[in-house]
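Two complexes are shown next, each including subunit A; its partner changes from subunit B in the first to subunit C in the second.
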Partner chain A sequence: MGTGSLGRTWPAKNKWQIPGGYENGENINSQSLPIPNQKNGGQRTVHVLHNSEQPASVFAILEYGNKVVPLIADRLFDLVILKMTNVCTDKKQTKIECKGPRFELVDFCIKLGSVTMTQNFKGVLVEIEYRPSVVPANCWELIREFVQGFLGSAVSSQIPQYLQNRMNEIYQPMDTIHQYLEHFGQYRKSTGVI
Partner chain B sequence: MAAPIGTAMDSLSAALKSKIIPNQEYFLQGSILDSAVEVLLHRLRGLCDNVDTGPETFHDHEMCFSIRRGPPPELPLFLRVRRALDYPDMPWQLRYIGQPELGDKSQPTVVRSSLDIATSNTVVEFLTELGCRLDFEYIIRGYMFRKGRMKVTVSKIFKMNQGKLPDGMEPMSQSYLVELSVLAPSGQNAIAEDIRIFAEQLKPLVQLEKINYIR
Partner chain C sequence: MEQLQISLSALKVLRSSVGQVFYSLANGIRAEHGEDNKENKYLLELQELLTTVGTNLRDVEQAVNSLNPPPGPFNLGNTAYLGQETTQDRQALYGTLVNVYKWTDKAHEYSNAAHQILSQNSLKRSSMNSNRAKRNRIQTGAHNFSPPQVDQVMASFDRLYSDMSISITRPFTSNAVIHVTLGHVLKAIIAFKGLMMERVVVKSYNEQLDLWSESRYKVFQRVTDHAHATMLHFYNPNFPELTLKSFFAWFHSFISLFSDSCKRCGLYLHSALPPTWRDPKSLDPYHFECKP
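Entry: the complex of A and B
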């Protein structure tokens, strides 16, 4: 495969460097905890996510109407969430996991995650990261070309909705989480495999 | 094929089982009048580890939240958020505090479950939207010493002045709060004895005792 925009080609043998194969596997898991209506009404949901890329952190996203409050915390935050079991109604069926191999190809990091919702296979999510850049606007074209290089034109050329208003901001781990959550939401709504 | 990847909750429950998570706080509290605090600070400088660098100062803002988990008699969940006013870029601290257990006479310190968690600065908004109620807040400023695993703080509590931060702070009292504490994994009761021995060495300057909060 040639990474044309870099003006370099790589010998076929070195196509993928697979450090540790599955051991370096990606693992994003999400748990959604709806909170029953309170005095002032409105449904709140807390999504708790873990990303094996940031093993020491917990990402929590609170959704309340149109309002979204993100929170990044140490791993022990999970224990606080456990203490809140009476506040949040923990629905076992809302656990979603995305798990699979992680590859590195020079500056790119590729993760192929199969999505399961309580053991039911729902689909595959492909994550591509261009590691030297932290501003999406600077590397979107490069990433798009790279993905279309191996997944073909089936890949949309549209910038993902979440990133559209954030193209010139510094990309942070929370942005990855938001994008996964968006996809998880779609899987949750659908009944079959997408 | 390598071992399957465990879920995040698996590794956490394994950590809990092997007792490596510091979730118990052993502590004693006392107070000292402003006029005598210098003497205590000198004494602590001599007794504690960080002799050469001197005591660390801190200047924090603490907010105490509670959230109902059910109708009474179910006790609410108490959460505290602390941020360093002198280091605004540092992570904010979220703290869960359980009910203090006084134990019997043979138990030298008060024990309460406690979880210290570093978080992003969105934590206050997160808790508020979650339905937590802000019970009270204050500014706390003082010194921190270390003695092995023990933490000794000598601090003064100030009332929050609406909109006037941090100038014109009004102290709560004419004394300093002295706290001796260790955060340890559960089952390490030996540390409580160390705290008691250290507290003995501070007498009669300050009387560190098990304080009954329920009274």
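Entry: the complex of A and C
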């Protein structure tokens, strides 16, 4: 089971209702485009992600060895990617989608997304956002208490890898994307439902 | 004044002697005059009375002669018109008016005496200034500080806390509106009149600040409410800087709004809200529902 401040998996049969909250749809999808065999060798991968919270933006993360280059562009970037088919090889099976309801409770935003990779169900991710606070270090304990309040002590108190170095920085939409990508990477490596 | 009194009493005596003459005339010959020579006796009595009238008249004339005539006509002001009043029930107003003047004079006299006594004993509890020269000057309250003074006070508070920055704008005439940024936790806009706080709006770090709209987050709406209550709690018209000092100390305690647990229940959340209430003295965090 993968854990994190934003991501958490459990069997999909659970049904959730939050009293006083309201719900609407949400999804995030990711497409990975490996760019094979450049001159200096090594594989580069461009991950293109869309988040329904930021519907006008396209997030792209270029992975090259240990380097990670993030990019935020507007929707036209999708068309640019289409034109690049001669440099990118689009692997159909690498498309991952996380779709599900979105709840609001006071200032919290809760998203339950079921993860599917090319029609195959892989697991569920839970995203908890506390919107008034912009620095993760300030509200980490508060979010932990909130998550443990309805998922029990199974939730790890450990700060996820990605956030550990960024706890005192202002949280950006890109940070959410990075964490989703981290979890999608785990799903991709594994076989079957986790 | 004494002359006038003498002449008035002389006039009174004259009147009474004249009255006696007419009294005796009206009664005619009475039983006490006896049977014999009653006409002569009556005439003698009348003569005696008339001589008294004559002497009294001389006295009056003497007294009147020694009086000085007043230099000009009396100035009665608007009361002169009372004499022209034709309505019956208003003709008595003059007497009442004179009484009112007498009372006013007395009240003035007593208040002077009271003022003398009170100024010797300092029993003052209010900030009222009894000095006439000072009272007429503009009072130095919390609300009329000059812009440079306000700037100076704000700059001192800006320096006081390293993680709280204060910037001043003056969108409406000379009254300051300050923007307070508290770490990466929250922002606030405070409207002043002089050094008197009038309105506080607390918002999230990533929201746009303006005076009229409230935050879109419940937690900051709560904090705004508490800020208004605390603003009134610390209010002191005589020491505006002390008020501000206490308020900013209280406000600064919100630096840990999301990272402090409630002092009472030990939890971070109560109905999905962090502890938004701070004790004004100890600055301990409490949920609004848990506050002592």
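Keep in mind that, in the parts below, the second predicted complex is superposed on the first by the 171 of 194 C-alpha atoms of A that agree within 3 Å, B and C clash if a C-alpha of one lies under 4 Å from a C-alpha of the other, contacts with A are read in each partner's own complex, and residues count from 1 in each chain.
Here is the rule we use: a residue touches a chain if its C-beta (ideal position, glycine included) is under 8 Å from a C-beta of that chain, and two chains touch if they have at least 3 such contacts.
Note that the coordinates shown come from a computational prediction; the quantities given were computed from them, not determined experimentally.
Colleague: Specify the outcome, clash or fit, for subunit B and subunit C once both structures are aligned onto subunit A.
Modeller: Overlaying the two structures gives subunit B and subunit C room side by side.
Colleague: A:175 contacts which: subunit B (first), subunit C (second), both, neither?
Modeller: Neither partner.
Colleague: Considering only the touch criterion stated at the top, classify A:78 as touching first (subunit B), second (subunit C), both, or neither.
Modeller: First partner only.
Colleague: Touch test for A:142: subunit B only (first), subunit C only (second), both, or neither?
Modeller: second
Colleague: For A:69, using the defined touch cut-off, is the partner it touches subunit B, subunit C, both, or neither? Pick first, second, both or neither.
Modeller: first
Colleague: Now for A:129: first (subunit B), second (subunit C), both, or neither, which partner does it touch?
Modeller: A:129 contacts neither subunit B nor subunit C.
Colleague: Quick check for you: in the superposed arrangement, does A:104 touch first (subunit B), second (subunit C), both or neither?
Modeller: Neither partner.
Colleague: Touch test for A:60: subunit B only (first), subunit C only (second), both, or neither?
Modeller: It touches subunit B, and subunit C stays clear.
Colleague: Decide which partner touches more residues of subunit A, taking subunit B and subunit C as the two options.
Modeller: Counting contacted residues of subunit A, the larger count belongs to B.
Colleague: In Å, how small is the closest CA gap from subunit B to subunit C once the two complexes are overlaid?
Modeller: Minimum C-alpha separation, subunit B to subunit C, in the superposed model is 17 Å.
Colleague: Do subunit B and subunit C land on any of the same subunit A residues, and which?
Modeller: Looking at subunit A, the two contact sets are disjoint.
Colleague: Which subunit A residues qualify as touching subunit C in the complex?
Modeller: Counting only subunit A, the residues touching subunit C are 105-108, 130-135, 137-139, 141-142, 145-146, 149, 170.
Colleague: Across the complex, what residues on subunit B touch subunit A?
Modeller: Touching subunit A from subunit B are residues 1-5, 7-9, 12, 16, 21, 23, 67-70, 74, 77, 79, 94, 96, 115-120, 122-123, 125-126, 129-131.
Colleague: How about subunit A: which of its residues touch subunit B in the complex?
Modeller: Listed in rising order, the residues of subunit A that touch subunit B are 20-23, 25, 27, 29, 35, 38, 44, 46, 50, 52, 58, 60, 62, 64, 67, 69-80, 83-84, 86-87, 97, 99.
Colleague: Considering only the defined contacts, which subunit C positions touch subunit A in the complex?
Modeller: Per the touch definition, subunit C meets subunit A at residues 183-185, 204-206, 217-220, 256-259, 261, 267-269, 271-274.
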